[in-house]
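The two complexes that follow have chain A in common; it is paired with chain B in the first and with chain C in the second.
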Partner chain A sequence: MKIFSNTFFVLIIISLCSFPFYINEYYLHNAIIIICFAVLALSWDLAARAGILSLAHAAFFGLGGYTSALLMKYFSLPVPLCFTAAGIFGSLVAVLLGFVTLRLSGLHFAIGTMAFTMLLQVLALHFKDFTGGAMGISIPMLFDGSRIPSYFLLIAVLTVLLICSTLLQRSSFYLAYTSIRTNESTAAVLGVNTNFIKISLFSLSSFFASITGAIYFSYTSSIIPYEAFSLDITVSSIVMAVFGGLFSTIGPIIGAFFLKMIEEYLRGQFTSGHMILYGLILIFAVLVMPQGILGVIKKWKKLFKS
Partner chain B sequence: MEEIIQILNLTKSFGGLRAVSNVSFKLQKGEVLAIIGPNGAGKSTIFNLISGLFPSDDGIIFFNGNKINSYNPSKRCHEGIGRTFQICRPFEDLNVFENICVPAVFGGKRRKKLTDAHLQVKKIIDQIGLRGKEEFVVSQLTPAQIKKVEIGRALATDPLVLLLDEMMSGLLPHESDEIVALINKINSLGVTIIMVEHVMRVVKELATRVIVLDYGKIICEGTYEEVMANELVIEAYMGRDIL
Partner chain C sequence: MEYTQLIAQAVVSGLLKAGIYSLVAIGMALSLGVVKILNLAHGDFIMLAQYLSIFIFAQMGLDPLIAAPIVFIIFAIFGFGIFKGLIRFAIKTTELNQLLLTFGLSIFLQNTILMMIGADPKTIFVSYRNVSLSFLGTEFGFGRLIAFLIALIILFALFYILKNTKFGKCTRAVSQNIEGAYLIGIEAERIQMVAFGLSIAIAALGGSMLSIILSAHPTIGLEFTIKSLAIVVVAGFGNIYGVIWASAVLGILESMVSTLLPGGTGLSGGVFFLLIFVFLIMAPIIRKR
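Showing the complex of A and B:
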């Protein structure tokens, strides 16, 4: 079912491109964070479409950040090259990790990927001479601290991811990953090369997480292990995808937008305890709309049609 | 006639239970072979071994002249082994058309373009009599229609051999008749069929040869009439007098 019209998308794109010029730095910073999380949520959803419950999204986010930071620090490579290398390295590591862990199913895979995140964090802390340990690495500020170009760079990444996601949803890949998600052994018996599809999606998902990590930490101009490999990043990506609507292109983006707005609003209104309220809102949302915001919109559309 | 499947000493154990024990048989092209036997005799396990869902502990499976033991399930499908499941496993997130489209794209010898696959799916939907139900999701279908989707999906893999696992279970007599007619039609197109079945009326009507399994072993092989007259078969189904 088509949820939004093309005109709606054109209006969104126009407003996304024009509003950074009318808002102050505070809102622009929040917009950048929202876009980062939109990329993370949508890229996590890409893998989830094949039933991959990855808890390694933060691992790739941090791995991208560290790859880019180390390339800048030790080789003084141009920034665009560092970002691209971070994305490619992340996706290659995902292929290797996929070969090892994707034979595990469901929870076991999730635990394996969580262990991978923790392993990277320990490695980043342990090799102090190379990674800076707990103090991390200082990185030259992206675009010399100018927020508007950083915003548009992330919009470009989100756009590429949107295109990838839409193309996947319209291609035969959609049939393959949906069948794997529903029943992997049946999909295999019907000719779907399940390992290839799962590793491809996991790798693509990790590419975007890694490149986002590279850009994000360059934007914040420093990277530390506790922030880079924080499980919060993975959990937020998952919660946003679920809140917006799983297995869709637009759902995770809607989820990232609303949840970050709610979080920021509560932070502004309550000096303490805002995360308790945030948690309560999430519990309420999951109970009331298990299919996410997109599920509610779909239901309304059906009701109006009938 | 040409042999399409040859199974030699196939064996599979689950822990201490030997589910399939030294099973050997051959299948000629165009045949309809029925495998019957009491519950737990190892019938579905043989299907899982042939389709690659379980690795065998011992024995060799030749398909179309090639040893396929090392092939994974998707490669076996590409080689021409299609199957259905005892408990139907439709993809609930996909509609009828998409369910059949999955194997139409990925199940054949070569991966098909979506446009070509769509044409094939339309033909299959006509063949299985589900025209008008393309957009239906599984929850909107009757058990017989779900069975037809299951057959449709197996057909979309362009199989040389079709493994049908208890297609008649849970169906009303007139629904079984529809499925029997469909299987006959598929067989007449040159597809070799192995079926696991409990409904003897269907076995009698369709099978050119019957194999009887008990405790993982073949106890009898022959025509329907031959196996039904066999003492061992009667004992396996009815038990032995102890008085």
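Showing the complex of A and C:
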């Protein structure tokens, strides 16, 4: 079993590394978008493991994009520095936001973070001289518009995130954040430093969201407030995590892969109606398989064993 | 002198807006208080009601104000259906699943309208749409005044029902303690269904008032969801009586910002988000004292 899973793993890595050289630009573009959303979904899931129902994921996505875009525009810093700065700035903002809002309970926190996202959107639209208002900022293309290095850059980010997530799941942090998620006051009584763990997970999750935002908007070579701070980004990353299976490393990635494929297929089939089916899938997923695809697989495994 | 007049104008137009806001938000507060579910599709029912009133006006020539009872009944039945078909199953799940379910509903409704009718704003011109009145040097549209007065009547009717009838007492019991309500023999789920249908139907009334003031657009739903969310947060979660003053405060603040600040129309939306944020953070601190 162990050898089998290792071979499987190696095969996946080889195919991920080789297939950009065999497919055309359209599929490569889709692959890049899928990896972007996989990073977003998995990083949202990192925070959700401590019971943080954040609706501010798009805020960090956009914040990262704007930070790197503004740094490139006004200071013309080298691109890697801009990306790193975007990630660090995003995680610092997350620490501040966490200090202010993390004592709120689930639903209140969700509403507060949603308000934070929309507030950033209003601000980005209002300060036209600085952010370009609704027209946004145009960014020099990542790797001069060549897609294969962008793909590998995003694969690298995803790999780092995967390693982080796996290490967290195997360390003693796992027990700490799971106990916070199930019952925060009990966890605090048992000696878990709840605020420290929640804030550090939240800022780690925001770090990845910001860095993905910086890379994504540099890849699409423009950034506008309606796209950067849209609720759609938050919701789709949450939906992918839920659809795949919450609180696991592989679940959100499976979810991102399936949902983006479905969305892209529907977009090709219907010109305007694809979002209707997306809404229906969301309702169906919540009602019928709240544990996600991984939950369904687990159920089947149990059925076959007995 | 001119400045005071501007402020007076802002207060009056803000108050008139607040009528509709409170109508919209009270539905959300009701469903949050009784069903304990935050309905992110709330604003989309307003949008649907707006389209329905416009459709009735275009097909039968019925004024939206006269057609309002029809819209009310249609949306009450619609709300019962949605409760029976969807919301009922989500009551016992996690908050995340509830949020996602209602957000999925919102995406579905918004895009269905977008596909069937299109993204162009639809407007109807009732005879009194452009009549404007003046009062102590401030000007406002006649349609807004009518909408405000009707909203007040509906709100007081709702308060009367909640305070004095048997249904109202049962509703308050369910919102205070659902197990207790079960124990004394209240059919809690039925009360929740009626309350949910009522919340949507009242929001739909807000939508039919809106159709004589604003053009209908598929994406107006999210805007109203967030506005009523802000009102509900400022009023205190599930507090139905607080909605009145909260919507007055928010309506006046919104029009103050949009008239008094330079470039304020873009910032007026930010008022709601800022207030949600500030009130959520301040609420635990205030409660401690």
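To be clear about the criterion, the second predicted complex is superposed on the first by the 299 of 306 C-alpha atoms of A that agree within 3 Å, B and C clash if a C-alpha of one lies under 4 Å from a C-alpha of the other, contacts with A are read in each partner's own complex, and residues count from 1 in each chain.
Criterion: contacts are C-beta pairs under 8 Å (C-beta built on N, C-alpha and C of every residue); 3 or more make two chains touch, one makes a residue touch a chain.
All values derive from a computational prediction rather than experimental measurement.
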| item | value |
| --- | --- |
| Three-chain arrangement built on chain A, chain B and chain C clash or fit | fit |
| Superposition-derived comparison: chain B or chain C, residues of chain A touched | C |
| First, second, both or neither for A:S171, with chain B first and chain C second | first |
| First (chain B), second (chain C), both or neither touched by A:V160 | neither |
| First (chain B), second (chain C), both or neither touched by A:S179 | first |
| Geometry of the superposed three-chain model: angle at chain A (Cα centres of chain B and chain C, steps of 10 degrees) | 80 |
| Contacts of A:V242 with chain B and chain C, given as first, second, both or neither | second |
| Nearest Cα pair across chain B and chain C, whole Å | 10 |
| In the complex with chain C, residue positions of chain A that touch it | 48, 53, 100-101, 103-104, 106-108, 110-112, 114-116, 118-119, 122-123, 125-126, 231, 235, 238-239, 242, 272-273, 275-276, 278-283, 285-287, 290 |
| In the complex with chain A, residue positions of chain B that touch it | 51-53, 72-74, 77-78, 83, 85, 89, 91-94, 98, 101-103, 105-108, 111, 114, 117, 153-154, 156-157 |
| Chain A residues within the chain B interface of the complex | 171-172, 175-176, 178-179, 181-183, 185-194, 247 |
| Touching residues on chain C, where the partner in the complex is chain A | 38, 86, 89-90, 93-97, 99-101, 103-112, 114-115, 222, 226, 229-230, 233, 237, 263, 266-267, 269-270, 272-274, 276-277, 280-281, 284 |
